[in-house]
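Please find the structures below.
You will see two complexes here that share chain A, one where it goes with chain B and one where it goes with chain C.
This part shows the complex of A and B:
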């Protein structure tokens, strides 16, 4: 299976920008998207900081050009915007010229609407067009909506493996091309903030009240975020004559098999995922120029991931940063968003800063990059994503 | 592609769990919402852990463990699960508590177990299985996506045995909610009467089924799973016929080679037409069997059909409870499953005798 997988398009929306251009601008200026929660009504509003996309659903509906009364979830809307940008970047106007698929990922699907309508759904006295939202709850719904919007029909699937979901959709996309199921595939993920998620993470007590500090000795937890990130993968044949942004050369999936929500202190799942990705890419650890870490800022993740990184790289850890302090932890979307950032790192030879880092962790020998690095050639980027249930994934993007 | 079915574990509204008997007796339910007959769990799950688990997690784990034991496989090379709603009971529990208590006094257990990948993860945790672990959540294509991935993986990696399965559960609240979009029958129907029903809607169902799919042929395999197709919102009957013919010809077969077709008739008068059409046209010479009266309608119900087809091929028998018309003329060699959920997600599986 030596077939090459080309990345020809990127698109994203998050708290730091509505598209690639705005995102790059925020990243290079060190401008975080984390701040007050404005669009969700919750009692925790003042107790948390989030990476929120500051557009109402009405504004997003308008932006994608749908009628104002369309019954559609925020997860779908964010996904449509990011996936469309990725397709435009790849110059795909016709989805009939090559077999085209879409694999998306989400952790809560339409929950942001379900949680508000739930009692009304159960109240048979109450009727109205809000009932049209019932079937938008399922995770698979947002992918179908995106597929119809983008006229994609050759393969449509959805993955939900918690916070590693969209890294897995990228991995599946590559395998679909290698197995000759499709010629190109739009892959990534989308998640919107919801009261359900906010309350869930509150009970786990892993939310930082202030800006998160990935890999810092005094890190207090993560900031939730929302958004969507998609990339277009194409076979050599489908990508012929196009600008190749980079190649997806490696991917690995493993399970930590340690605990339902916590990572093992030895980082076994993370270690295996990175090891598999490296093996597939044929690269040595020393070939990696930049690690875009999962780096959520929780006590457990950063220790587990950092330990696994040392197990792979020894003391020679490449430049590393977590961009979660820009975007927040976008859960099912983070693998997609960070894949886009990894592609940008290669395209412009950049290493994005890990914001809010001050003190090095005692257990680790590396410090993340805290300023924008522009002077180093970035040829190979490793992007990590880990989730509840021990799901661990690693992707490697390489200069073409 | 293609895979050998080496082990099966299935929890359903029938006595299907951990038994080699094949529907020798059926449980006659009279309801519009079938519930699973739950296994005795202590054999599979530590009771201390089980106490905190929802039904779908326990049913999923029990089905997975039995399928591995059945296949004599200790450590699968991958765990791949399909579920439309994931761990809905836990999701609902946390959601209701959050709404009723105005976001206060919540505890984390239900939230922690509400993620869609919980069953896949818990199986990995129990087995200490650090291999590939995936969960598909694609409405009526969830199980199909999982099976397709497993078949792809048997071809593109050194994986030998893959644990692949599906689970979905129904709760009273979710039944009432989805009844509002016309999924379910208003009235209770007896299991043996479902296919004679003349009303709109199906009898809802649920289940958990896991299969060990292997790369190499063995002596005790149930059947060979050769291929599958998904058709999203087919425009007409012609498109369905075309896809079925494509599936058969890709495997060097024609309609005449199909001895038995397992149809997903649910007793919903709006949506059963396509099955009757196929019975009268492409497969007028094949025997017809049903499965949905026994397990009910749910997004991953084709996993029940896959068990049924595998059992028919292995035992070379068709239990009377599922027999719709004629018996096959001779030995059963090839079985086709044709199923759809709410006329949106159409799927076809092709199996052959080993």
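This part shows the complex of A and C:
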């Protein structure tokens, strides 16, 4: 039974790059992916800014090497690209040499296609290609499709807990290895943009019309994004002889017991999740070098998260930033994408800038890092992901 | 025996009757509907939680059962909020309110979905409502079974207690569909008092035959 959880592979696709290399380039050059919505036809097009992957589904199908007429969702396609990159990074050519699993997270699943076919589905007389997409709607379908593509058979599961989904899939993966159920597991999440989420967040009135400003006093809300991020976790045995990118040393999940959707202003769930992760890792708050915050740029999240961070770290808050102003908030994928960024922070000793920050919040004593920090050793990174309903998760990645 | 898991309190609600620790505590058999009965119980027990009226029937049922359980066994005064777990199951999921929501969107000419209804269209919301009301922040999981699986819930509960994931578990069943309802919730703790946490005793408490008086 492996007690250490090694990260041996990373892969992602988002508005700031199709792979790890492009992403790192955008991050180090401070180049945001947030801009105009181009690929979804919605009346809100001019009212929002999004972090969109600028490839059509047809282009993505071609990229993964499937026949052009394949009935597949954008969520699956983005996930396949990111998970494949993570597996290539980990040098996994054969999934039969070790028990291999996949846990993928998503919040929209196949909704982006269902919403376009919705009126056709209501017409029971109508037949056509659109009917083939019914089975792709379910969240679990995207994971099944990815598992098939990656030849993963030993464990396949899907998690959907809003914006903490993929952090929770990483936690589940670690627990599968610790409990000797698999030797390695591909974990993370994928979410495509959809009218469903755009309309939903419009209704909640938490979308910034301009670029989001995480932790800024004058923050107006979030920008939605899309993408996928996956990491490969391996047991000591499975990782033997490989380049270990870092270890997953801590994780914690908690609930707020405050409200069905909103986070508590005192950040109780966030506090408990970070506390649990620290306890599991055996680290003290002062050991954390960088916090990759959830930092969505909404009024509620940044206050709640910031308050919880002060409760854990006191006034000695480590370097902190939110990368949401690069990628947008990718919902079910953000924990996976930010896990990859946390691994990169350790590998290259980087703290990524929080873009668009100007004025400090009155309620908080810390300011996020606004420039690329390259001069500090980054050995332990805390990555937060908080979902609606106070489903709060925290992960800690540590240098090996 | 010290340090073994015990059933320390129970509340059972069925057929217009409320049982606390196996004793009949309230009956309103004349209620016209299940909902009337739940409202009568709310008034009778002076639960004083106005949010009750906004809840769907499933959550109302969960609220009455959990309130009475917490009154008879004040676990939230004994344990930290993170140390109390909620492990609850049912058979009909949230179909009662799902149907109501579906009706509200079925007619294109009279399309009026309500966020206040929609928000209850998941069965685990009832766990959320219990957690919010009592500030419970421990492990929580909701299962859907054809019928109550006492072996599964028993082993899940003991596993949480034995692995130090919880010091107290609220376990049981809360089901409401088409005017039929049934709820039983019970607390499991590690203590000298109470009845042994066994599947036999779980079945006894469901039938209101577990003797809580002996301690």
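As a convention for this text, the second predicted complex is superposed on the first by the 398 of 400 C-alpha atoms of A that agree within 3 Å, B and C clash if a C-alpha of one lies under 4 Å from a C-alpha of the other, contacts with A are read in each partner's own complex, and residues count from 1 in each chain.
Here is the rule we use: a residue touches a chain if its C-beta (ideal position, glycine included) is under 8 Å from a C-beta of that chain, and two chains touch if they have at least 3 such contacts.
Everything numeric in this text was worked out from a predicted model, so none of it was measured.
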| task | Mind checking the superposed model to see whether chain B and chain C fit together on chain A or clash? | result | clash
| request: Could you tell me if A:389 is touching chain B, chain C, both of them or neither one (first, second, both, neither)? | output: both
| Where does A:258 make contact in the superposed view: on chain B (first), on chain C (second), on both, or on neither? | both
| task | Tell me which partner A:144 touches in the superposition: chain B (first), chain C (second), both or neither. | result | first
| request: Please indicate which partner A:23 is in contact with in the superposed arrangement: first for chain B, second for chain C, both, or neither. | output: neither
| Looking at the overlay, what does A:118 touch: chain B (first), chain C (second), both, or neither? | first
| message | One more residue to check, A:249. First (chain B), second (chain C), both or neither? | response | neither
| message | Once the two complexes are aligned on chain A, which partner has more residues of chain A within touching range, chain B or chain C? | response | B
| task | Scan A:57 for contacts with chain B and chain C and give back first, second, both or neither. | result | neither
| task | Would you check which partner chain A:268 touches, where first means chain B only, second means chain C only, and both and neither mean what they say? | result | both
| field | Superposition clash, chain C against chain B - the stretch among 19-27, 73-81 or 199-207 that is involved | value | 199-207
| Residues of chain A at both interfaces, chain B in one complex, chain C in the other | 254-261, 268-269, 272, 389
| message | For the complex, give me every residue of chain C touching chain A. | response | 81-82, 119, 125, 128, 131-132, 134-137, 140
| Touching chain A in the complex: which residues of chain B? | 79, 84-86, 91, 94-96, 98-99, 102-104, 106-108, 111-118, 120-122, 124-125, 127-139, 141-142, 145, 149, 152-153, 155-156, 173, 176-178, 180-181, 232
| said: If we count contacts the way the header does, which residues on chain A are in touch with chain B in the complex? | reply: 1, 42-44, 106-107, 109, 114-115, 118-119, 121-122, 124, 131, 134-135, 138-141, 143-144, 153, 156-162, 168, 172, 175-176, 178-179, 181, 195-196, 199-200, 202-204, 253-261, 268-269, 272, 387-391
| task | Please give the residue numbers of chain A that touch chain C in the complex, ascending. | result | 254-261, 268-269, 272, 389
